[in-house]
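Once you scroll down, you'll see the structures, which are given as structure tokens.
Paired with chain B in one complex and with chain C in the other, chain A is shared by the two complexes that follow.
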Partner chain A sequence: MLPLVPALLLLLSFFAGPILWTVWASLTNAALTGSAAAHTEFVGTANFQRLLADPAFFNSALLTVVFLVASGVVGQTVLGLVLALLMQNRGAAVRMAVGGVVVGAWVVPEVVAGFVWVAFLEREGTLNGLLEAVGAPTQNWLYTAPLLAVVLANVWKGTAFSMMSYSAGLAEIPTDLKEAARADGAGPVQVVWHVVLPLLRRTVATTLLLVTLQTVQVFTLIYVMTAGGPGDRSMTLPLLMYREALRFGELGYGTTVALALLVIAGSLSALYVRALRPEEVR
Partner chain B sequence: MTRAPLRVAAVAAAAALLGPTATGCSLRPGHDPDTVTVVYSHYGTFRAADTLMRKVKEEFEAENRGVTVELRPIEAPPEDYQAQVNLMNQSDDEAPDIIYEDSFTINQNVDAGYLAPIDHYWEEWDEAKYYQEQADAAVIALDGKRYGVMVGTDTRGLWYNTRLFEQAGIELPWEPESWDEVLGTARELKREIGDDVTPLNVYSGTPMGEAASMQGFQMLLSGTGDGLFDEESRRWVVGSAGFADSLRFIDTIYSEGLALDPQDALNANVGTINNEERIPAGEIAISLDGSWITQSWIATAGKPWPEWPRTMGFAPMPTQHGQAPGTTSMSGGWTLALGSKSVNPDLAWEVMKHTLSKENATQFAIEGAQIPVRVDVAESAEYLQVNPIAEEAAALVEVTHFRPAYSEYPRISLAIQEAMEAVMLGDATPGQAARAYDDRVEHLVGSDNITSGG
Partner chain C sequence: MRRSVASPSRAAGSVLVHGVLAVLAAVFLLPLVWMVVAAFDAEPSLRAAPPASLTLDHFSAVLTPETVLVPVANSVLICGGAALVTVAASLLAAYPLSRYTLRFKRPVMYVVLFATGLPITAIMVPVYGLFAQAGLLDSRLSTSLFLATASLPYGIWISKNVLDGIPIELEEAAWVDGASVWQSLRLLVLPLAVPGMAVVGIFTLVLTWGNFFVPFILLNSADRLPAAVKIYAFFDQYGGVRYGELAAYSLLYTLPVVALYLAVSRALSGRFGLGGAMKG
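So, the complex of A and B:
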């Protein structure tokens, strides 16, 4: 028991501490400046009432869910699974090449990834250069399709994680099960659907969970690419939180937005865990 | 073997839990009584504060053995600069001794307890007499105490490219007498010179921050007879005709294509790009901007443009219909303020005085293209000969306006920027955006603190 004490203390101070502070701050009018910074007062549920009446919050919550579903659930996990399946039973050289490219995107720092995508999508960017070459109309993608732009960038950046996770899961599936299915006359799609996927459920649940938690808190990538704009067309909850807490200096309200984000991510995670719970082994 | 690291971890955890109280006084790097920390902005084309503070550090440390002047330049746009300084001020360990601070944030930072009054130092300073009294309003807070010293002020007006005007056949010097004349000239420029030139640049939207609110919106609003704040009833104004008219002006120039394309205008670096590239390249005919933008063109700038005095003209911004006094301007300016958590304010004041000396103030006025607030600097030949528009810009001080620099102002300003952005993106009509602004203001200050404008 005693050796656990330091670990427990660390956990308490670095994990529970900030959460408790967030809960406390969301019940106050804490601010970066102005009289509320000198005399912070307990305001009860005022921040939560304000949140529920704030159209900017609902806009951001919706954008966050769209961003999560498009870039996290559909983009990263589906693409990751497809890549993992395609890479199965391929030669070492192919695996190295594909894996190297995908993982390369993953290890690039978020700021750098942001600038790479800005260079690709901006008006004089690479994409427009390619479009011009084939005579297609060009546009400033970061301005005309900001959410799509950040979704693409996040898929590019994050797919490696789910790909690696699925590759590990696929390696665990016994080959004789697949061979038996093939002997019964199943095609490749049927094998994946009826044999591989059910056995992969636990991996899918874990991956979705981790991808979700990571995607809802993406800040740097979006901030570098669009800063939440134009208007508030790519203002996901982390960016709204930043705007309220640091641009407006309203720490209390900003942390309320953070708590809302925590609730949204938490409920989505609970949903996956329930929906994908592996059937009990009999 | 494993016990020592565990003990270290336990101590670290305990220290983290106990926080600042455990680390206390002994480990405060910024609290050495012989060290003065100075925080200032070093961003974009603005290099004058950095040059000045480096000079001060070198000179002051040479004259005062054992004293360290610790410089903390922050490379961030103005809004992020404020947030960072505020965060530093919330920490006893990080709070700076001297703060380079935009005058409009003084009141809110006084309310937050970040600044210390300097009246007793000011009264004993023999050079205080050189400071213009009108600058006092910006540094004396609502409690009547002085919290800083202005290092320079500014005015705003219409910069125009005389070569493009000649090309379009417009008579020089250009002296527009109403908004309609400004718009008329912009339309003529568009007709005559075509698509390669942006006729009229007016900053707008949230990426440009305070510049959009002040150089853009309030340069318009101050010429309508309406304002943001009613000094008499001490309430914030909502629903004024001038507010909606100013938004309408923004709507007109962006929807008619007289201004920059919104996607260029909504770039956070648009100011730097305009002043360093588009204006010298003759791609902008008129730009509503500050008197200081020459700092982008002088010899010590990143990209000097020695031809600017022969190319650029400066015209005062007219009032809406040309009503008295005919022209308008907005003024702001930055100050040096004393942090309330300074452990050696006497030494910090010595550094401030050194920074504000005539020699340093002159250098800052030239490099930062400021209108000096020290009379002896403003009248010096050294200053006057460097800046050919110095007198025209300084003359606008007579018609200038100041922002209502109360605690709520920065948030009101952001609400203005959001209204402008909604209009320029076509997300709202000027009327809708004005109503959304009214709602936001009511929320920010409370319904007891608003009043309906005319």
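So, the complex of A and C:
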């Protein structure tokens, strides 16, 4: 039992501790500065009532859902699947080149990814340069379409994970099943739809959950690109949490937002454990 | 030549697939091109364009103690420390979980798996609150320990898989031959676990090296910031004027991660597939 102690100690003090503190702090008016900082008081469910009446919270929750669905569920998983399917059975050189570029975007640190996308989408950036070259109208994308901008950047950043995950899943599908379907006269699309996808269901489910967990917590990319703005137009829950707690100094209320995020992520993580349960835990 | 009838359409399909792949690869490459070009371009702008003339000035401009060397040293300290602690603590924790029949093993492994899914972002505000009360803010040591803890769930998970892959019969044979538990651990288990544990360590290093949010929240003295946070101050400060230096800095900061990733990518794509490994 003794070898477990260091890990347990770390997990209890730096992981379980903060989570328990979250529950307590969300019931107080804890603040960074001012009188509430010196005399933290128990305020009961006031933070939760405020949360449920706060239009900024609903705006953020909605933006988080849109960001999640557009960049995680649809963008990363669909593009990842398409890439994995297209790269299947290609030559090693093609796989290396395409896979290398996609994984390259994944390996780049999030801050750098943020800068690179700012440069790409800025008024003077590369995208507008390309649009000018074909005579299309240009705009400051980070201002006119902040949510779309962060969605695109996150798809770019994260697609490699689902691509690799699906590639691994596809490699496990026996080729004779596909051969048999082809011999029965199925076209490539039919083979994918009727043979490959059903066999890939488990991989899709776990990948989708992991991508969702990853996307719901994205902070750095959005913070670097738009900082949640302009206005609140890309203020997802992690950014709202940061702003309320550490910018506005309302630790208690910010913690309540964190708790909401934790509950969402916790439910998703529980689903993930359920999805993996049968084989993985011995 | 079974499918010779279908081969013209197959060839056309292959051309189409290669075309689509080429376009997708180009789209993925495009945003990165700017960083590489601007870092060497004597007159960089925000637009990826063929450079008028090449220069290394941007690199020599940022390669000063204040801008690159100290932050990178901080990163090495914080992230290297986190990786070492993660490897040590998860190997220790994984050993009993792998070798003994413990009544609480299943629940523990479930909790570990559940924790791999919990996002660090969601607990950063409470961690800040707790660290503020405990006087742990602005310390590289506590930042490093927190990063290690955040990596522990997947660290324990992979370590257990690594140890499960080492047959217990080897140890039993050694015990029969008169070796102590400690000797069998040191001489048999440890050497066999080294490749897997190296993956855990390098992976932790890659993830923590790229992590911006944790040190951004927990540290604020300029001389303690790691490269991930320093780069942000850099961007803020120059408000998009010195693109060349920003690009050169980004490149310098990114290269170690890419190198480390390449070092483990073979091992990662093979035996160590896992859940929750990509958080950070």
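Just so we're on the same page, the second predicted complex is superposed on the first by the 250 of 282 C-alpha atoms of A that agree within 3 Å, B and C clash if a C-alpha of one lies under 4 Å from a C-alpha of the other, contacts with A are read in each partner's own complex, and residues count from 1 in each chain.
Please note the rule applied: a contact is a pair of C-beta atoms (placed from the backbone, for glycine too) under 8 Å apart; a residue touches a chain by one contact, two chains touch by 3 or more.
Remember, predicted model here, so these are calculated numbers, not experimental data.
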item: Per-residue contact with chain A, leading partner among chain C and chain B; value: C
item: Partner chain(s) touched by A:6 [first = chain B, second = chain C, both, neither]; value: both
item: Touching partner for A:227 - first (chain B), second (chain C), both, neither; value: first
item: Contacts of A:140 with chain B and chain C, given as first, second, both or neither; value: first
item: Which superposed partner A:14 touches (first chain B, second chain C, both, neither); value: both
item: Which of chain B and chain C A:74 touches, first, second, both or neither; value: neither
item: Partner chain in contact with A:246 - chain B first, chain C second, else both or neither; value: both
item: Which superposed partner A:266 touches (first chain B, second chain C, both, neither); value: second
item: Touching partner for A:96 - first (chain B), second (chain C), both, neither; value: neither
item: Overlap of the chain B and chain C footprints on chain A, listed as residue numbers; value: 3, 6-7, 10, 13-14, 17, 246
item: Touching residues (chain side chain B, partner chain A) in the complex; value: 6, 9-10, 12-14, 16-17, 79-80, 82-83, 86-87, 89-90, 105, 108-109, 111-114, 205-207, 262-263, 266, 268, 407-408, 410-411, 414, 421-422, 425, 427
item: Chain A to chain C touching residues, read off their complex; value: 1, 3-4, 6-8, 10-11, 13-15, 17-19, 21-22, 25, 30, 79, 83, 86-87, 90, 94, 97-98, 101-105, 107-112, 115-117, 119-120, 122, 124-126, 128-129, 156, 159, 161, 164, 168, 188, 206, 209-210, 213-214, 216-220, 224, 238, 241-242, 245-246, 251, 254-255, 257-258, 261-262, 265-266, 268-270, 272-273, 276, 280-282
item: Chain A - residues contacting chain B, complex; value: 3, 5-7, 9-10, 12-14, 17, 31-38, 123, 140, 143, 227, 229-231, 246-249
item: Contact footprint of chain A on chain C as seen in their complex; value: 13, 17-18, 20-21, 24-25, 28-35, 38, 45-49, 85, 88-90, 92-93, 95-97, 106, 109-110, 113-130, 145-146, 148-150, 152-153, 156, 164, 206, 209-213, 217, 228, 231-232, 235, 240, 243, 246, 250, 253-254, 257-258, 261, 265, 269, 273, 275-276, 278-279
